[in-house]
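Have a look at the structure below before the remarks.
The letters A, B, C and D name the chains in turn, as written, and every chain counts its residues from 1.
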């Protein structure tokens, strides 16, 4: 707060952060970078809310009989944890924060194709979030984030309506973001930036956008029908009123399975940026990695029935869905092999983003491989609906997506904020998160195999040891997540000023000052080289 | 607090086969995790940055390697797919002559009815070594019948029958869980499967409330609901005869042929106009709301028994 | 490759054309982006209605008789008339775009207004049909109490499933009508802009975009008509 | 966008065909074709959609990109419907449950 530093803010060149002051300049901005920050603040808020629900759940489960709350309250905790984390944190996390910030910078444009639509999508997100928060305050909702009918439509007497409206509305935010990215990547690339010169983050955002655009409307219409049934008591999915509950599950998972790829594909894109930078190597098998993103996006739409192997779906449909679920594992495996090979004969340094990226590969590998247990019909029968599922998708969505998100935040933080954070603290946080995560979720694989069903507010005493281990791990994990929050906020004021390209990375976003000016580039750049041209020019042809 | 188990008990005829696949998958997972972790650690140490201006040569990629590491996972998942699907289909087919028991899920309890008429709540007694087939339905929301020790699980849906089977191989008491979230006391919708020696099971069956068998109870409901007025045994009534129908193909007015299974019987009682047998008119009233799930189960049990009887010769061609 | 333009900050932008937004390099790029944007948006609309059509298809397969019974209550003449009215509005919409292309402002305004009038007629006929459902007490959730004549017609497949048919009838036509109302609002906005002479043969993207939206809404109805009114034939 | 200006006559002819097809589909509904009533209705609706897309929406003159996007949309919808229907259609293929095995059959009442 004193003037001890020799970097007075007045000397800072004009950039998107100091271009204008006052709340209006933020709430009515159409600058993609400012909108990204609006998203960053909002999703962090929802992450803290969703995280506190998780902490309460883990504390509760220390005792077999439940240590903290009534079963009804526990049900509301896991429901809101799921809804908040999935729809209000994970789905917008990388696309809406890093994607919004980076897509125009990476394609070398002044903004997204539709800046006002971009701002609109943030407002839609906020309105949807408000409905969801209202429902949490007004008594909560206890349907599970999957909203399975007929429980959600005709039996639950909690705040189903506002939550369904909230998720319905937020879906449009996701649709508009995806639409904006598709058009931007198609039409606004800088001269010379061909498809095969694009950074892989853009490929990943493109594949993600396809899912957002094609899948989210189906979720919207499904929730619309659910809302109709709930409000007017007309039969759509409720057997007592003439409907079929399995149809809801089909329509729901048609979106919600690909939604997993909305979370993990962007994280894969982030990792594909970080690894070449800190290994100073072009990514191994660029085109294969690029196309595997698209393959995952497409195949990911054809596997939703593996959520329904034991629900009374036809066994033949189950067979096809099982086969396709195995197929979608292959492009993911290819990506892991290519990232690993990128390290070969590289020049590897261990800055914090790289540690997050390595953590991502490890956890994603485990999460992906345990997915095989669930794609396989015979073992899924036993594991479905148990803690094995919970462990598996947390490995993918927290171990994978959140690690990728944090890696990306650490990688581009100097660009976003114009400041550097303390690398030692960041490395420590990465290590704590990695250890805490495994402590929390590895025991849950065993719990699931032993037969403990998920969504149980109390449980037989023989499962207690593993539950206590998991809760202890959650404490470590929680601390791990708080550390970056502290030093990142600290760095905004006290961190050393970042140069335009602190990591020596390639990519157009590093060719403009940190933080970038409002118009991104003094002059629209011309791209003359491949992505990840880390090698010295004369050797690049080898 | 008890010890730290790593494997649930294997107490059914299929448990072992599921575990074998499970261990294979675990081995694959551990192997690849170990390989990836070791390679990453090795590379990160071997190729650590030694001087700040090091510039390694670019490697474009390697097509043979890409083919190799596409082919290996493809082969492995192909093996797993075939193994697991064959196992699944073998495990889901109930053997002939399985004992049939009705299960009804209800927020938040399991109601069980043995064909002999014994009823239980949150408990299911079964004899050792004999295949048992459960026919299940729910009175309200979706539940799920899950016995970890048997490695069986199936959703229990309202308005529909689902079924699963198992053959217990160990005497003892095993957990029964509801594995599909069903509301406030979902966690309390648990029970026990009690596997007994056959003689002991017989004693258990004989003891307790004698009651009537499901079939007899069903016959009473059948009578009381006025069904025999139209469903005459010789097929001359307004509705088709029900002798020898259960389990057999039935030709419908739409030209389709369906099997007269539990689901069809149930549908025909609740929504009689949905599938009309050729030669008959859609005049049967619906019994939706007229029968409880239990009575419905009893009637289905009775119809199954009728299915064993030979159809009377007169009604040929009228099925 | 696109022409490069030297840097100008937002404040200094002297837009070379009134319609060019700051993030684009030139008008052509902007037009291509707009066109791509609307088509991607239409794809989301296909999936939005598509979820509804998928649910409809499943239930129609399961409860064919009930859906047939429900369908036969609808007035096929009103449905067919409405189809032709809506197709006519698509014609006038296409002609509006053409007038914008040729720079004929008077014709543009006239055709836009004609499109709105035809859309209004469609909604009017729809309102008559909805009213008829209330008279017959076959509005699920609000007024479901079919009277005797209607009841006989509906009963072959079971009243419960006939109710399901009407849920879909109202959900599908209701969402379609909502899209029509939004479309009419957009048309009104176009009329105002056209009267202010905002469009020229070089810049008429808004007319084209609204046109594409309007045609899409028409296509939805092209499928709704046979799927709702013509189930199983009327012979 | 910069599309050729189509003569008014073309638009009028397209509209007349669309109106004709509407009358045709209504007429066909009154003829008993069995299951082909549905097929005919959908085939006619599909042709009408093509007319609108190709002429009114001008996809005839559009870039390949627009066509790919449009086809992708319909393809994904087809996937949703096909896979869901596959489940419902194949549910009854599973073998009939085994016969009932308790006491001797009772006599019919």
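Simple rule for what comes next: a residue touches a chain if its C-beta (ideal position, glycine included) is under 8 Å from a C-beta of that chain, and two chains touch if they have at least 3 such contacts.
As the structure is a prediction and not an experimental result, all values here were calculated from the model.
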Innermost chain, taking as reference the mean of every protein Cα atom displayed: A
Selected interface, A-B versus A-D, where C-beta contact pairs are more numerous: A-B
Gap in Å, rounded to a whole number, between the CA centres of chain C and chain A: 34
Computed distance of Cα centres, chain C from chain B, in Å: 45
Sequence positions of chain B contacting 2 or more other chains: none
Junction residues of chain C, two or more chains touched: 32, 36, 40, 43, 47, 50-51, 54, 58, 62-63, 158, 160-161
Residues of chain A whose C-beta touches two or more other chains: 186, 214, 218, 246-247, 251, 254, 315
Chain A to chain D touching residues, read off their complex: 186, 214, 218, 246-247, 250-251, 254, 301-302, 304-305, 313-317, 320-321
Chain A to chain B touching residues, read off their complex: 71-72, 75, 142, 144, 148, 150-151, 155-156, 239-240, 245-246, 279-282, 284-288, 310-312, 315, 318-319, 322-323, 326-327, 329-330, 333-334, 336-338, 340-341, 343-350, 358, 361-362, 365-366, 369-370, 372-373, 376-379, 381-382, 384-386, 446, 449-451, 453-462, 464-466, 533-536, 539-540, 542
Complex interface listing, chain D residues touching chain A: 65, 72-73, 76, 79-80, 83-84, 86-91, 93-94
Complex interface listing, chain B residues touching chain C: 271, 273-274, 282, 286, 288
Chain B contact footprint on chain C (complex, rising order): 63, 65, 155-158, 160-161
